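Same chain, two partners: chain A is paired with chain B first, then with chain C.
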Partner chain A sequence: MKHTIQQVFRSGKFVFGFAIFAAVLLIVIFYPLIITDGPLSIIGQGTFFPPGIYVNVYDSMSSTVYTLNLDDAAAKRIASKLNEDDRLALKEWLMAAGVSEAEIDTTDTQKLLDLWVNNYDSKKSIPGMTNAKRNYYVRLNTALKGLMATEGVTVSQFNLQTQTLEEVDAVEQSDFVNITEVANMRVLPLGTDNFGRDVLTELVAATAVSLKIGFVAGIIATLIGLTLGLLGGYVGGIVDDIIMFITNLFIVIPSFVLLILISFSIGQEQRGAVTIAVVIGFTSWVWTARAVRSQVISLRNRDHVNLSKLSGHSLVHIILSDILPYIASYVIMALILQISSGILAEASLSILGLGPRTTEVPTLGLMMNWAMIYQAQILGKWWAYLPVLVTIALITFSMNLMNTGLDQVFNPALRD
Partner chain B sequence: MKGYRKYFLNKLGWFAITFVFAFLLNFILPRLMPGDPVAAIVSRLAQGMSNTSGVQAIYQQYSDLFGTNKSLLEQFFIYIQNVAHGDFGFSFSQYPRTVADVIKASIWWTIALQFPAIIVGWLIGNTLGALAAYLKGGFDKVLMPVSIFVSNFPAFGMAVFFMVIFGVNLKWFPTSGGYGFDLIPSFSWNFIWSVIVHYQLPFWSIVVIAIGGQAIGMRSMSIYELNADYVKYSRFMGIKDRKIVGYVFRNAMLPQVTGLALSIGTMVGGALVAEIVFSYPGLGTTLLRAILGQDYPLISASTLIVTVMVLVANFIIEILYGFIDPRIKAVQSD
Partner chain C sequence: MLNERFPILSGKGVTKIFGLGRQKTVAVDHVDFNFYAGEIISIVGESGSGKTTLAKMLLGLISHTEGDIFYHEKKRDISSQKKKQEYWKGIQAIFQDPFSSYNIFNKIDSVLLDCIYMRGGRGLPHAKKVELMTEACSFVNLKFEELTNKYPFELSGGQMQRLMIARIFLLKPKILLADEPTSMIDASSRATILDYLLKLRSETGMTTIFITHDIGLAYYVSDTVYIMERGKFVEHGSADEVILTPRNEYTKRLISDVPKIYEEWDLSTV
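Here is the complex of A and B:
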């Protein structure tokens, strides 16, 4: 046993897969201990806030103000406000007004604005320009003037008694706050989802639930497959015929169709994460049963089994101590594959709207489903679906890598 | 030929038994769902109606129409009779369209999309796997991890990736539908071109998934065969490498054919989900709508059609397999 484990851990593929899987598992276990928020608590009002650090504006006004005179602050401020369309519009007007194209560089904000300030004249009529377009440029010019202003802004408060605004504070353009002194800030490394929930916290909880589903489904499937395979292969006769009949039926009926039918017939209210896991387990044992059976048949007439039979050992004893150890490596490999395909099956079911019911726990499939329903992929909100896909891929990839590694250890013919 | 007939009859028998079993499951399982689907339709229709006896009458009429007021056994025999005539009843969610109508509109999209994709993926995957086993070295080192990664990637994930990269970012292909939303199906160039363009993303996302799994299988089979005694013996005999490779791949190919037969069910399942991601007008999308609308006649008809498609594909592959590999017939005719 010790020797086998040593050998297994000498396989590069297995170790690499194991490392990825262990990392995922550690994050799933320790993250909720550090960040204790509920994974489904809605914190954002609105959909799909981009990833980043969120600093409270109200609190930052009351924090200590530091004056930093940075030369490029103004240029940066304008650059971040001026979007690509506006830049192109500026270029268009300038070119129409007779500035040569070589002079205009839409990426250099400072130069572009200098050109604009020197050349723009709202009275100037450009041939072929619609009135709406002309008004757009007037508005753009006003907006740019506002951006280029050097004065600060006044913060005022509404006084209920006098019904007037009273100046409370003034914010200069060169005012800065130290982020560590602001009372409220929240890091959202993966932003928020369509309901305004922290994606990272949700993702970790979902990974935990999906792993649980995978384990339960995998263990059920492997147990059923193993039992049927052992019975069919060892006992033979009518038992084997019946088991083979059932196996042959289920092997060609697509398990995905069965999954859909059963999950649908259970109904929305009854579908919890565990129920889904059990259903997946009960529909995916076929391959294990078949493979175990054929292995057992080849073992059945070995000398040590016959010897055990002659010594009068019971059926259970023979199966447990004379046959099981020989197929144990295979069963472990099958279990690993079942777990990873169980996770995938849950995800596919959830995409169809047949996943676990949505109010209690997130799963990877449900997160994917929500992102798809709100069209995150078309709107370019990558943080809503990409981390989910990467997590699914990492889990299944690591498990299959472990499986391939084990295969190479136990099947010398496959070694490189 | 006598052996082959026995093989054929045996396979046909299995096909029939599986079909009956699948048919039963398809009928019973969706009907076990708690809740009354007819009540859902009636409440939708009777919105704002205050006349209770009117609502009652509507309910009665719909129960008669869908046959939900009869016992399950009675419903079953009526169902068999109707299905034999190609009549699957009315769709609950898309009433007054019949289920047969809805299925007819979507099945050809699915067949035209999935079977070519699966076959192309299978061919490319096997070629790559065989090459990896034969060439070894760098090609193998790159292909293997990529194949493992790709084959374990969920089908919907691949579809989303393709959609984001080629549809949303590069804008090479449209992101959803089977043809332009502004077109009416016809035999014009415009329409055919639109169909071809819309076909690309779902097609390739299914192909890529299929390639991964097949390449891995073919690689291990080929390595196993390359190490077999007959290869060593042939080498001693001085037979040319090219000829040996021919033998090897022929032998390695055979399990891959059975592999295709057995994995076609899984592949179709993945492809159905890919259809949903691209809102392709096939059975996958129909199934999604049926599930959302709790439309069990439509659900059981679509799953039945999918099952029958898989069973038939399986049957055809197994029959062909009997031709390709004479050993199979020999075993059967003993």
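Here is the complex of A and C:
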């Protein structure tokens, strides 16, 4: 046994797949211990905050101020505020005002601003320009003036006694705070979703729930399919006829419709994640049963099975030791497919509102559903759906790799 | 032996039909036979003549559609698993393809141990089991120490087939059914396998049923020859009788097809 485990871990494919899967599992287990926020607590007011480090502005003003004189600070500040559209708008105005195109370089911020300051005149009328466009340029000019200012900003507080604003602090352009001294900051590695929830925390909780659903559904479906397939295929005759009748019945009734009906009749309150998983498991065993049956039929007339019969082995012994090992890798592959399709089936149910109760836990399917409904993919908010896709892909990929690795070890004829 | 000559295995109108209606195939068509105890019987026929189907029926691996099979002059009863196990203590087989005869997940030890268990040796001490297995292996010139903890597919085809004979050596059945045991093996190993089979047979006196397409081999080894064509026995009798004075056209053709080294081959008839 120990020897077999050693061999398993010598297979590169298995180790790679195992590493990915273990990483996913470890994150799912340990992340909630570190970040104790509820996965569905709404922290952001607004939708789709991009990934990054969020530093509290109020706290950073009361932190110790350090003066750093950096030459490129001003240029960087302007460059970060002046986006690509604004730059093109500046170029457009300058060209209309008669500056030759060769002179204008939208990538050199300083030169572009110099040109703008020298040439812009809000009164100058340019033929064909709408009033709205003219106002846009006026606003842009004001914003640029603010950006190019060299003084700092005064922070004032309203004094209730004198009913006037009193200066309490001044923030210079060269003021810096040390980020470790700011009392409140929050890292949102994957930003927030449409409801303002931390995507990473949500994703970790969703992965845990979806894995559970996938495993329970996959194991139930595979066990039912395997048992019926083995019995029908090996015993044959009337047993096979009855099993195939039931199987065909389940094929004719689309399993998804059955799933919807069962989920609906269970009722909202009883629909926990495990219940849904069991329902998915009981409706998706059909193809496993058929596939196992046909594999068993091709195996049952082989000479090694005949020899096992002649050695006086019982039906159960023959099925377990002469049939099952030959289809084991196929069954594990089917199990992995069942697990990933279980995860997807839950997602489809969730879209219809028949998935597990979603007041406490998210699932991967629900996260995809929310991202789709709030048009994350159209708005380019990749952090709302891409990590979910990658997680589903990683789970399936790592399990398939492990299966291939296991196959090499447990099927002696495939060994190098 | 001749004075107690009795049919250990016989059949009357044994028939096997696969499929139903238009698609039905009659694989074995009302065959009668008497296989006498202690003899070597050959069943000779081309591929598809129904030899292997008949063998499987004799072994009780598939049921026959019509007719009766008698074992020890009594109607064979293999209706329950227990009765089958009892029957298989008396009749064993060597299959054609040694590469597919073994379960690739079981080690050689377990193949041999199964035989010891079948002979009621489950309670024997470990040393005794090893002794039995070593004896069986050395009978076919294999070394058990080298085979233990190995898998059957690590051996050559000839070694695997020899291991099969070692298996029979341990089981000591009354009847051995050898279904083309040498057809998948190269010519030099073939003679070795046959030698071991004949040696085992002369030691145990078991009835041996050879199934083969090679009429030369049948003549060489057997006492009685049955010629099978399209599911029927067209001719049977003692080996000399059938081979030297064939009456049936099919038998004559089979005999003429055997290439003779000292004759020039006439390729026009091939």
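Criterion: the second predicted complex is superposed on the first by the 315 of 416 C-alpha atoms of A that agree within 3 Å, B and C clash if a C-alpha of one lies under 4 Å from a C-alpha of the other, contacts with A are read in each partner's own complex, and residues count from 1 in each chain.
Operating definition for what follows: contacts are C-beta pairs under 8 Å (C-beta built on N, C-alpha and C of every residue); 3 or more make two chains touch, one makes a residue touch a chain.
Nothing here was measured: the structure is a model prediction, and the numbers come from that model.
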**Item:** Contacts of A:19 with chain B and chain C, given as first, second, both or neither
**Value:** neither
**Prompt:** So, does A:185 touch the first partner chain B, the second partner chain C, both, or neither?
**Reply:** neither
**Partner with the higher number of touched chain A residues, chain C or chain B** = B
**Request:** Could you tell me if A:265 is touching chain B, chain C, both of them or neither one (first, second, both, neither)?
**Result:** first
**Request:** For A:325, decide between first (touching chain B), second (touching chain C), both and neither.
**Result:** second
**Asked** Of the two partner chains, chain B (first) and chain C (second), which one does A:42 touch, if any: first, second, both, or neither?
**Response** neither
**Asked** With the two structures laid over each other on chain A, which partner does A:254 touch: chain B (first), chain C (second), both, or neither?
**Response** first
**Prompt:** Looking at the overlay, does A:310 come into contact with chain B only (first), chain C only (second), both, or neither?
**Reply:** second
**Request:** Across the two complexes, find the residues of chain A that touch chain B and also touch chain C.
**Result:** 413
**Request:** Please name which positions on chain A make contact with chain C in the complex.
**Result:** 302-304, 306-315, 321-322, 325-326, 410-413
**Request:** Spell out the part of chain B that touches chain A in their complex, as residue ranges.
**Result:** 14, 17-18, 21-22, 25-26, 29-35, 136, 148-149, 151-157, 160-161, 163-164, 168, 175, 220, 223-224, 227, 262, 265-266, 268-270, 272-273, 276-277, 287-288, 291-292, 296, 299-300, 303, 306-307, 310-311, 314
**Message:** Applying the document's contact rule, which stretches of chain C touch chain A when the two form their complex?
**Reply:** 56, 59, 61, 81, 84-85, 88-89, 92-93, 95-97, 100-106, 114-115, 117-118, 151, 153
**Item:** Footprint of chain B on chain A - complex, ascending
**Value:** 248-249, 251-258, 260-262, 264-267, 269-270, 340, 344, 347-348, 351-354, 368, 372, 377-378, 380, 382, 385, 389, 392-393, 396-397, 399-401, 404, 413-414, 416
